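Sharing a structure below in structure tokens format, with a few things to ask.
We just call them A, B, C, D and E in the order they show up, numbering each chain from 1.
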Amino acid sequence: MSSATPPTATGALAKREARLAWALLAPTVISVSLVVILPLLAIIWISFKPFTLSDLRPPAPIVRESLRGSGDDMRIEYRLRNSSQEIAIDGVSFSDVLPDGVTVGEVTAPCVLDGQQLLCDFGTLEGGQRERIRIPITVDGDLDAFEDLVENSEPDVTGSGPNVLTNLDFSLENFARVFDGSEFWGVLWVTLFYTVFGTIGALVMGLFAALLLNKSFRGQGIIRGLYLFPYVAPVIAVAFTWVTLFDPFSGSANALLVQMGISSEPINFFGERPLALIMVTVFEIWRYFPLSFLFILARMQSIDSSMYEAADMDGASPFQKFWLLSIPQLLGILSVLFLLRFIWTFNKFDDIFLLTGGNAGTRTLTVNVYEQAFAISNIGAGAAVAVVILICLIAFSFVFFRFISREEGL
Amino acid sequence: MGSIELKAVEKWFGSAQVIKGIDLQIEEGEFVVFVGPSGCGKSTLLRMIGGLEDISRGALSINGNDVTDHPPSKRGLTMVFQSYALYPHLTVAENMGFSLKVAGVSKAEIAKRVGHAAEVLKLEPYLERRPKDLSGGQRQRVAIGRSIVRDPTAFLFDEPLSNLDAALRVEMRYEIAKLHQSLNRTMIYVTHDQVEAMTLADRIVVLEFGTIAQVGTPRELYERPANLFVAQFIGSPKMNVMPCSVSGDRFQLDNDGAGPFDRTGAATKLGIRPEHITVVAPGAGHSDGVVEVVEYLGADMFVIVDCGTGEMVTVRLGGDTDLKPGTKIGLHFAPDKLQFFDADGQAL
Amino acid sequence: DTIRFWTTEEQPERLAKQQEMADQFKADTGTTVEVIPVTETDLGTRATAAFAAGDLPDVVYHPLQYALPWAEAGILDTEAATEVIEELGAGTFAPGALAMAAFNDETASVPVDGWTQMVVYRKDLFDAAGLDAPSSFANVVTALDALHNPPEMYGFVAATKVDENFMSQVLEHVFLANGVSPVGTDGFQALDEAKTTEVLHFYKAISKASPPGELYWKQSRELYFDGKAAMIIWSPFILDELAGLRDSAPPTITNDPTSRDLASKTGIVTNFSGPSNPDGAAWGDVRYFGITNDADTDAAMEFVKYAMDQGYTQTLAIAPEGKFPVRRGTADNPAAFSEAWAQLPVGVDRKAPLGELYDQAMIDEIVNGLDVAQRWGVAEGQLALASKMINSQAINRVVRQYIDDEIDAAAAVAAMNEELAKVQ
Amino acid sequence: MHKGYLTGPVLGALWLVVIATTAAITLSFSTGAAFRPQVLLCLIWGAIAGLVYVRFPMRRAPARLGISALLGLSGLTGFGPVLIGADTSVQAVLVTVVVMAVVMHPSLAAILKETPFAALTRHEFEDAVIRFCTGFGYIFFTAIVVIPFYVMVMTSLKSQQALLQNPLDFSVDLNQGAALFRSYTELFRDFNFGTYLWTSFFVSVVTVAITLAFSVPGAYAVARFRFQGQKAFSRSILLIYMVPMIVLALPIYIAFSVTGLRNSILGIVMIYPVTTIPVALYMLQGYFRGLPTEVEEAGLMDGLSRLAVIWKITLPLSLPALASVSLYVFMIAWNEFLLAFMLLDDPSKFTLTRGVTMLNSSEIPRQHLMAGAVIATVPIMALFLGLERFMTKGLTAGSVKG
Amino acid sequence: MGSIELKAVEKWFGSAQVIKGIDLQIEEGEFVVFVGPSGCGKSTLLRMIGGLEDISRGALSINGNDVTDHPPSKRGLTMVFQSYALYPHLTVAENMGFSLKVAGVSKAEIAKRVGHAAEVLKLEPYLERRPKDLSGGQRQRVAIGRSIVRDPTAFLFDEPLSNLDAALRVEMRYEIAKLHQSLNRTMIYVTHDQVEAMTLADRIVVLEFGTIAQVGTPRELYERPANLFVAQFIGSPKMNVMPCSVSGDRFQLDNDGAGPFDRTGAATKLGIRPEHITVVAPGAGHSDGVVEVVEYLGADMFVIVDCGTGEMVTVRLGGDTDLKPGTKIGLHFAPDKLQFFDADGQAL
């Protein structure tokens, strides 16, 4: 009758499907790996290198050619410079073809003249070293035209210095720097505070808002739309609005607090420790509660209403229904949301950057990447922080996928 | 303990009237089934009794007390839903004990009553499972168990079996019947399945667009339908209905068929059930027709006959026959089983 | 030809004026100048990034602090700058300004204009309370005791926002006033503990008399304009808006945003002294035109020459109150530009010459500040190192810790010395 | 607690605090005058009102109306729930009085309906509390959402100086006509906002187009085809979705610097889609999975090839989803700030968000900054309100993206 | 034109074997119905024939050509889905003409063929509507119309009627039967509804866990089931089965009932259909039992009897009876209708 083992060959249909699938996926796979995978590898690479912003341009010899003097004392001047003040460049030389109609005087070492072809060889150029080559000449004909001719012809330069980005020198210096002292742990603590409270706050607020809107009434759509505004508006707009609103000297919030007698003098919400951290967390909650609200509402509306009717028949009171029925039902979505939001809040950069620039005790890991890489121009250190973030992230994702495969969906 | 009375009960959804003034008296211990086509208001009526829908007009009393304005929890009724409506995050035992828990009953007492109900419904092995780990029939049993635990005045069932497959449905039907025998509590049961209605009910309430078309025992409804609606609604295959006219003591069909007429009134429709027709030689019966389709169903055979009266006439023959489509035959109607209806559809 | 010109003067009115000059330059030479505004706080990063990308502009208008670091990093073409100065005549420039940018026998960039930081104070209140002008640490502290009365009146508005240049400037000002410098002729020189402690005490005193939070130029000005601060430290750029000439930063002390009331109640001090340095000092800043190494050198030089010569009055007219000429005149007329400058009207929405707004004595005080203007490292020839120290913001951070009472004075001095020693 | 004569006053007292605070804030923000809720008096007044409302049920309206009216009028004396500043205009005072009375009556009646004076059942008690929380919730959420946007718009219409004088006074003088929008005209005239608007729009639209072109085939393949690595693939989509932008921005910055793509619209247009493709892929595959396979199989039986099925059947059926995804992607691109901030230097190439950052960084008056914020917000809000259905669906389907 | 042959066809999903080697020869013009319990592989088998699933092993030929590896579009079959699977964005006419349009048929020809199909199915008034504006029955008609238009080698139906309500289902069943008569094309029809299978099929294929339990005409299956599975699967109420033993020419039930045995082999189960049992006096029949439940269904009466053999025995009585629960009765089995099964469930 039939054999007991599954066939190993793939069916014609399956083969066709797989082939088409890869064809359809290819553009995405290629582009995403180019812009996501490759950079991630790059950042790991860089994190092990002493690499600053200025190293982006490897040291190179720079030659400038100009016509100097007048009358008898005419000369072509080549000024050669090492673009770096520290690093030496090997094998530096340049060559140039002198224009026709010029009579060349004496050429000194390290240059030699071969017909109209000038070749100067400098060997190694030390950091900050400059050379000036003067070629005395006499010119017949139009001087201006000749000047143009001289200055518009570029000499060919050879010689290159070591490129920090591509060589194979690695060091742990960046990581040492990142983990150095109390600063890192401070940043980590701020990140965790921000992430944990931002996430929980947004969930709780979202839950409350969802409870409010989990009934149908006229205008429900409008209110729902309204409550989504904080999330939909550009972060730049709302962040600056908050900064304006809470400005200690001319912000309306402070004026209101003073007027209502809650505070006797203006409070610098975004400028004081630990208030600033609390405020950026509040901002995070404010901006992202709509999202949790949307998801929780969707889940609530998918709960079978007859379950609540059964509870009505069973005599459960409203609070009992909430605690004993709704909350357990929402636990799944809440935990998935928690995990996802946790990761996203952990990754958040824009908000804090715009609100406080990472000052007043609000520097999170992501802001630290920016600070290290750009404010201090130490890309290597920035990359090291980024690698720390990636490691955290891998840990989170691991938890996430273990969880989500159990919680299925979303 | 357990009598329910509806007085001129109405239900309006906005300006749409869904229940149009229903009076009904349900006796203690009675098993009443609401049937009717989809959308006729069965569920709405049941939910109004249960307190899940407001009663727009009229009054409801249970055991003689007016409970029209009481919330569901105060009416002492329980309800079993079509979708089971179990609490998915609670175990079977917790599901069944939920109503006691919210009422603050002691743990020991809850365990005792849940244990008892589980025994009745043979649910003991599953008490620690979650609903999602149960089969459909088991879930429905848990839902019933949840009701039993509360020891209610009356049970309300809203199409409890329609999510189950055929075999299970039959089985659960027996169980509900036995439950009614043993508990002897009032039960109100909504279904659109005739077989359930016929086999379970002490009395059937046939609803038609929010009004009661007929109330009676299954046999009354089958044998003496009060109107065309009930006649056609009850019975499967449904009653054959042919237009007819009456002259004196004879009725006359559109296709020249005729027979004796022993009622009073102006009959415009004649009804005869498929099993009350026998096949005879052409011209020898009340009507002639041509066989359209012969359906073999094992135990029975349905012959669909075109008598030229518009609708097909279905004849049920026990066992074998050698009729072929296209054969011309005569149909004889059992005279004492003929039903006549007037222009308003009322039985004569 | 097109050259690109980065400028930190990015307010629209000022941009417009620069564009105007660029247009004239184009009319004269045919070279188009693209004027690109760059926020001053971003200037360092942007320049480094552009250098890395080989994408530097031709000319950059930059403050003193970048001159030497950029020259060292290879961003600036010092030869070109030197050549420009020579062609314009080194003698026509204020020697101090040239000295500040001296780099290996050359000048890193071409000095354009300068100003000195000053203590701006409420002369009316000082007079009423019989206080001396706040020209020394002691005077300031005395005045704080008399006038500090929050929230109606704060004694001072000290800079406390660590990452703002403004805090570096104010701090350097205060350190200089007491004769403290982190650099000596041989490079890093540990801060003198006793003198530094005096500075720290003073700074804590003024910050305690300030509103809480992260403060920088913005809050200083807002509070002072609102009549809620008795003293602030600011640049002369404040002079026009103080007189109600600029609508986007109006004095709010009265209901009339155009009022010159506040101006008349204000006094200023440029030369500021601490207990260990009775002669005092003023903090000065000079701005430069840097020609970059990626530049179209000739066109860039041409443009700089133009802006420093035919266009110089216009350059200064961008904001005369904060742009004192460092090129005083031409070879023919050594005072040409100083004189022209004195006539320039200040203000944005309304205009008036400075002389109309303030008494001559005060204007003299302002202008003469430039003569005593100092910066760390200038005298010692270590400006580059000092700039790096300042740019590292180490001093700001430690001082902030100190005024937040997180560490004591001795620890603060030690911490600063340790951090500064690391800067190379 | 489960006694009407306790529940009523407690809820009444708390509710009055809520109303008084709301009224004070609203009036402060709209008139700039001084209003302040008097918490202690609110508690007392509210308790009395609550007691009256439970004591005198529906049929005895006069007592209820009386206390509410009294409560409103008390505002005139200085012993009312809201203390009104001395130099407040008469209209504002009257508005306060009327609003307090008119709002108090129906809201308190609603909260305390079906709350008897004596013992409460658990249901009655909890229902009352829930009605209180609901009322509070609506006020609270509406306030926190509306206030920032209100401040943003109003600040953009006022002059710096007026705001500095009284940061609470958001009233605008409508008589000044077009001058009201001075900040906006200046932004468009002097700050190139017209160009930024166009650049942002262009970049967003191109991003949407490229994103769809890449993600539709990809999502279909992941959703429908069984092939090796399909599961790993769906997961890695989510994973990519979780890489923080700042981490990617760093190497991208370097690469773009080296290749000269930094500071160019081309670079932006190249990089934006890559950040949105994973999102779109994730959303679309969810949608495609939800489409009935039978319809596509019917297409196959009808003689179509797979690709033809996608083109002729799946895509027309997915139009609503495509709309949602497009809107969502558009929103992401429009709101994107970090990359624009890092990659664009040159004001002639700025996107809108980048342009707004520029307004923050100098001595530009605040109303300009807020006007910039409004300009950045309005298009996306208009889109959102107009296509709320698609947008909300896009949000729910896609994303948890931050 | 229209013969289909499956040779040792298997289907594996991963390591799970769903179709376990099926051989089947379907003749041209035949109406074959696949029935079987849920999950037995009916749909999978149909989809393999249609080309929507790979054939893991074995071969499929249509009209003698091997099409095992052909894509659906090249097999010349059409399929009608349970969910209708209409193209929601196209009108009825466009839906029906879609396959022709794809094949590049001219507009005039499309219009002609769509018109013809619409006429056959009485869909003319709806040609311009979208599917969402049609009722369930109309939608299913459009789906059938879409198939007809293509004039396929064979029609495949996957539970086409199970989304319709009972009355409509009966109606559509007649229509499909008539369609088969008039088109005379091969049709393969999957259902889990016995009545559909019995009434429509020329031959029924009963599937059990991926294998064929029996193939035959409806009458063969009902009267001579090849095994216990088919016996119990076909017929409603289902065949009563009792354990029995055989000694010589008599069979013996567990409860002392007994009777003559005329087959050869070791019977362990006896089967008798409810309609082949008559009620007699206790002791007078083959077995005695106690009435448990009496179900009145109008035309029939089902008596559920507890004979002490484990499962209940259902007896179908025509018309009236006055049996009460608890009565002791005798049951007489029609001797020529008895079925016997061996220990493997095979019929003897």
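Going forward, a residue touches a chain if its C-beta (ideal position, glycine included) is under 8 Å from a C-beta of that chain, and two chains touch if they have at least 3 such contacts.
Treat the numbers as computed from the prediction; the structure is a model and nothing was measured.
The chains in contact with chain C as well as with chain D are A. Among the other chains, the CA centroid farthest from that of chain D is the one of E.
Centrality by Cα centroid goes to chain D. Averaging C-alpha coordinates per chain and comparing to chain B, the farthest chain turns out to be C. Counted by C-beta pairs in contact, the busier of A-D and D-E is A-D. Put simply, the C-alpha centre of chain D and that of chain E have 57 angstrom between them.
Note: centroid distance chain C to chain E, computed from Cα atoms, is 94 Å.
Inter-chain centre distance (chain A to chain B, centres taken as mean C-alpha positions): 68 Å. Put simply, the C-alpha centre of chain A and that of chain C have 33 angstrom between them.
Along chain B, residues 71, 73 each make contact with two or more other chains. Counting partners per residue, chain C has 49, 52-54, 222, 226 as the residues that reach two or more other chains.
For chain D, the set of residues that touch two or more other chains comprises 123, 164, 257-258. Every pair of chains that touch is listed here: A-B, A-C, A-D, A-E, B-E, C-D, D-E.
Residues of chain A that touch chain D in their complex: 14, 16-18, 20-22, 24-25, 27-29, 31-32, 34-36, 38-40, 42-43, 46, 56, 165, 208-209, 211-212, 221, 223-238, 240-242, 244-245, 247, 249-252, 254-256, 259-261, 286, 288, 291, 294-295, 298, 317-319, 337, 340-341, 343-350, 353-354, 366, 369-370, 373-374, 379, 382-383, 386, 389-390, 393, 396-397, 400-401.
Against chain C, in their complex, chain A makes its touches with residues 53-57, 62, 64, 79, 81, 83-85, 151, 248-250, 258, 264-268, 270-272, 357, 359-360, 374-375, 377.
Here chain A touches chain B in the complex through residues 304, 306-307, 309-317, 320, 324-325, 328-329, 331, going by the rule given at the top. On chain E, the positions that touch chain D within their shared complex are 50-52, 71-73, 77-79, 81-89, 98-99, 102-103, 146, 150. The touching residues of chain A, counted against chain E in their complex, run 1-3, 6-7, 10-14, 16.
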